[in-house]
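Pasting in a structure now, in structure tokens, and then I'll have a few things to ask.
Labels A, B, C and D are assigned to the chains in the order they are written; within every chain, residues are numbered from 1.
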Amino acid sequence: MTDTADFEPTPEGWLTEAELSAVRTRLPILYVDAVPVRVDESGDVIAVGLLLRVNGVGEMTRALVSGRVMYHERVRDALLRHLEKDLGPVALPQIPAAPQPFTVAEYLPTPGITPYHDPRQHAVALAYVVPVAGDCEPQQDALELTWLTPEEACAEHVQREMTDGHAYLLRQAMAHVGRMA
Amino acid sequence: MTDTADFEPTPEGWLTEAELSAVRTRLPILYVDAVPVRVDESGDVIAVGLLLRVNGVGEMTRALVSGRVMYHERVRDALLRHLEKDLGPVALPQIPAAPQPFTVAEYLPTPGITPYHDPRQHAVALAYVVPVAGDCEPQQDALELTWLTPEEACAEHVQREMTDGHAYLLRQAMAHVGRMA
Amino acid sequence: MTDTADFEPTPEGWLTEAELSAVRTRLPILYVDAVPVRVDESGDVIAVGLLLRVNGVGEMTRALVSGRVMYHERVRDALLRHLEKDLGPVALPQIPAAPQPFTVAEYLPTPGITPYHDPRQHAVALAYVVPVAGDCEPQQDALELTWLTPEEACAEHVQREMTDGHAYLLRQAMAHVGRMA
Amino acid sequence: MTDTADFEPTPEGWLTEAELSAVRTRLPILYVDAVPVRVDESGDVIAVGLLLRVNGVGEMTRALVSGRVMYHERVRDALLRHLEKDLGPVALPQIPAAPQPFTVAEYLPTPGITPYHDPRQHAVALAYVVPVAGDCEPQQDALELTWLTPEEACAEHVQREMTDGHAYLLRQAMAHVGRMA
């Protein structure tokens, strides 16, 4: 899990990075995870967007859109903020009308308890499949946004380039939309 | 429940209206019900689209988009077909990526067993909230498509202009998106 | 897809087998599919129940619980009826309080359009994961009910003993409960 | 929103009440909300359980089961813990197999942004309908657990005895199970 959109000047009442570090080992932190997709006019998923980054040890990694929900921020606004931060201002994400996520991903610092893992913290992510209709441009630390077919995105060599949690969540998302490989 | 889009020339393998009448009292008939909505960029529902019609006895009635799933037709294609038939070809409905409905509405010929009722048949409708982004024009037998706020749409005088089943389903949809009055 | 529970004397208003055959190629037929599971006290799935049968050509096959919704029958009553028919009268299935299925499985007579296929008909199944708390005994044509861990149930050799549609639906169910292999 | 079950001796790594107060105005706090229900054998909701308490100013109030998710605690374990704390050790709650909530309730310290409100904090609650099969005894600060029909529970005089957020969430839950008044 990589926070990609929390580096803006901290508004009043939000946590500083130092304070955030302190609570990260004391409280579950609320996240949103989004699987960006292209759909056809019947809503069928035809492609999945994965962010390509270079991690701290120089490896290529692929990731979903993911980030923290801020204090006093609605879940739907957090979703929009993270999608625009990662995919650019004209991605035109179609934020779901209903807050019901397709699943809840529980990233625990201890591996093996759930299928998700985050060594830094206990994060609980509300997960959504989000169609994006506009032009996407990777922002910030992402090198590229790659559109893969659902089958390609679930292929083993692609899954290996994702953290275990995101690889698992992506396959759950494809199961949910009926496009699991 | 009013079928608004089943009067096209019957393709091979589909039921004629006569055959349909015969099975209507013998088998549950599969429907899709759609609640057309306008959303803001955060996905929040700002308006609900209701079709205004004059019924057989000259009363004004309001309805959701509703229609039968045909033989060999996918649910998502039936949704698209009925939305385009009722709202026009440039309504640009955003058909959900996942087939999971927000509820299943069971219209029984006997009133009182479920909150839905259809004297003609036992219809089981997969119900979806569908954002529409384009221009809507009422088609066929509808006089008008009215956009109401969620609060207006749930108001008693509007609810009274809908069949009981659609009034109930609309309120369920608003509960699902967090905009129940 | 195997109907396991539709052979009772036909009550008034239900279809005879002959009539059913006639409409099967003209109308989508409404089904319920249930994935029977054992859960621990936290609701975590610890085992999946699969029915073992011998098919028409003498092969062992495994199946989920599946069957038709009858005329004037509620979906929840159809679920209970099919689970009791297949698992016995003291299985104590916990029918979901809400009608929202985890997915909708569309079995088309033409393979390849959806992940599900039924050469006999176009069936649309509302799919539910159903915890069963009591003693299960295979009924009717089933030889055995086998409880497998989610991982075993998703293993390739088990998946091969299921029809493609049920194998796929089982993996979707495990993705939904967070126990996908 | 009332925390009913967070007063146990704080295990290592959990927040003290003082620390919790400090972060409550800086970070959304993750909760689970449960609507306890009695169901019949078809899963139909026949009664809703509401906790009766006396609040700080001596008024009778009714509440759903609600409480915080602790650090390193799974959502399903938090649900079980809070249900057992409020309803007693032999309530036998049927924790859902899937983590997908029926909605997400966002309690903001500022009223009017969402239908939920909590002056103390920004709490985000994953909301579940949970059938309970065993004997329930109110625990701790609750005077009584009252079982009401869905219609009674949604009646205006009962709704007025609940905080706005819980009254709204209860009606959403009843909409979800098809038992909205």
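Everything below uses one rule, namely that a residue touches a chain if its C-beta (ideal position, glycine included) is under 8 Å from a C-beta of that chain, and two chains touch if they have at least 3 such contacts.
On a predicted model such as this, the values are computed, not experimentally measured, just so you know.
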(request) Could you let me know which interface, A-C or A-D, is made of more C-beta pairs in contact? (result) A-D
(request) Using mean C-alpha positions as chain centres, tell me how far chain A is from chain C in Å, no decimals. (result) 33
(request) Let me have the rounded angstrom distance from the C-alpha centre of chain A over to the C-alpha centre of chain D, please. (result) 28
(request) Check each residue of chain D and list the ones that touch at least two other chains. (result) 74, 98-100, 102-103, 114, 176, 178
(request) Chain touch graph shape: choose line, ring, star, complete or other and state it. (result) complete
(message) Under the definition above, what is the set of chain A residues touching chain B in their complex?
(response) 37, 39, 41-45, 74, 76-77, 79-80, 94-100, 102, 129, 131, 176-178
(request) Enumerate the contact residues on chain D facing chain B in the complex. (result) 103, 114-115, 168, 171-172, 175-176, 178, 180
(request) Could you please specify the touching residues of chain B with respect to chain C in the complex? (result) 13-15, 19-20, 23, 25-30, 69-75, 98-104, 106, 108-110, 113-114, 122, 124, 126
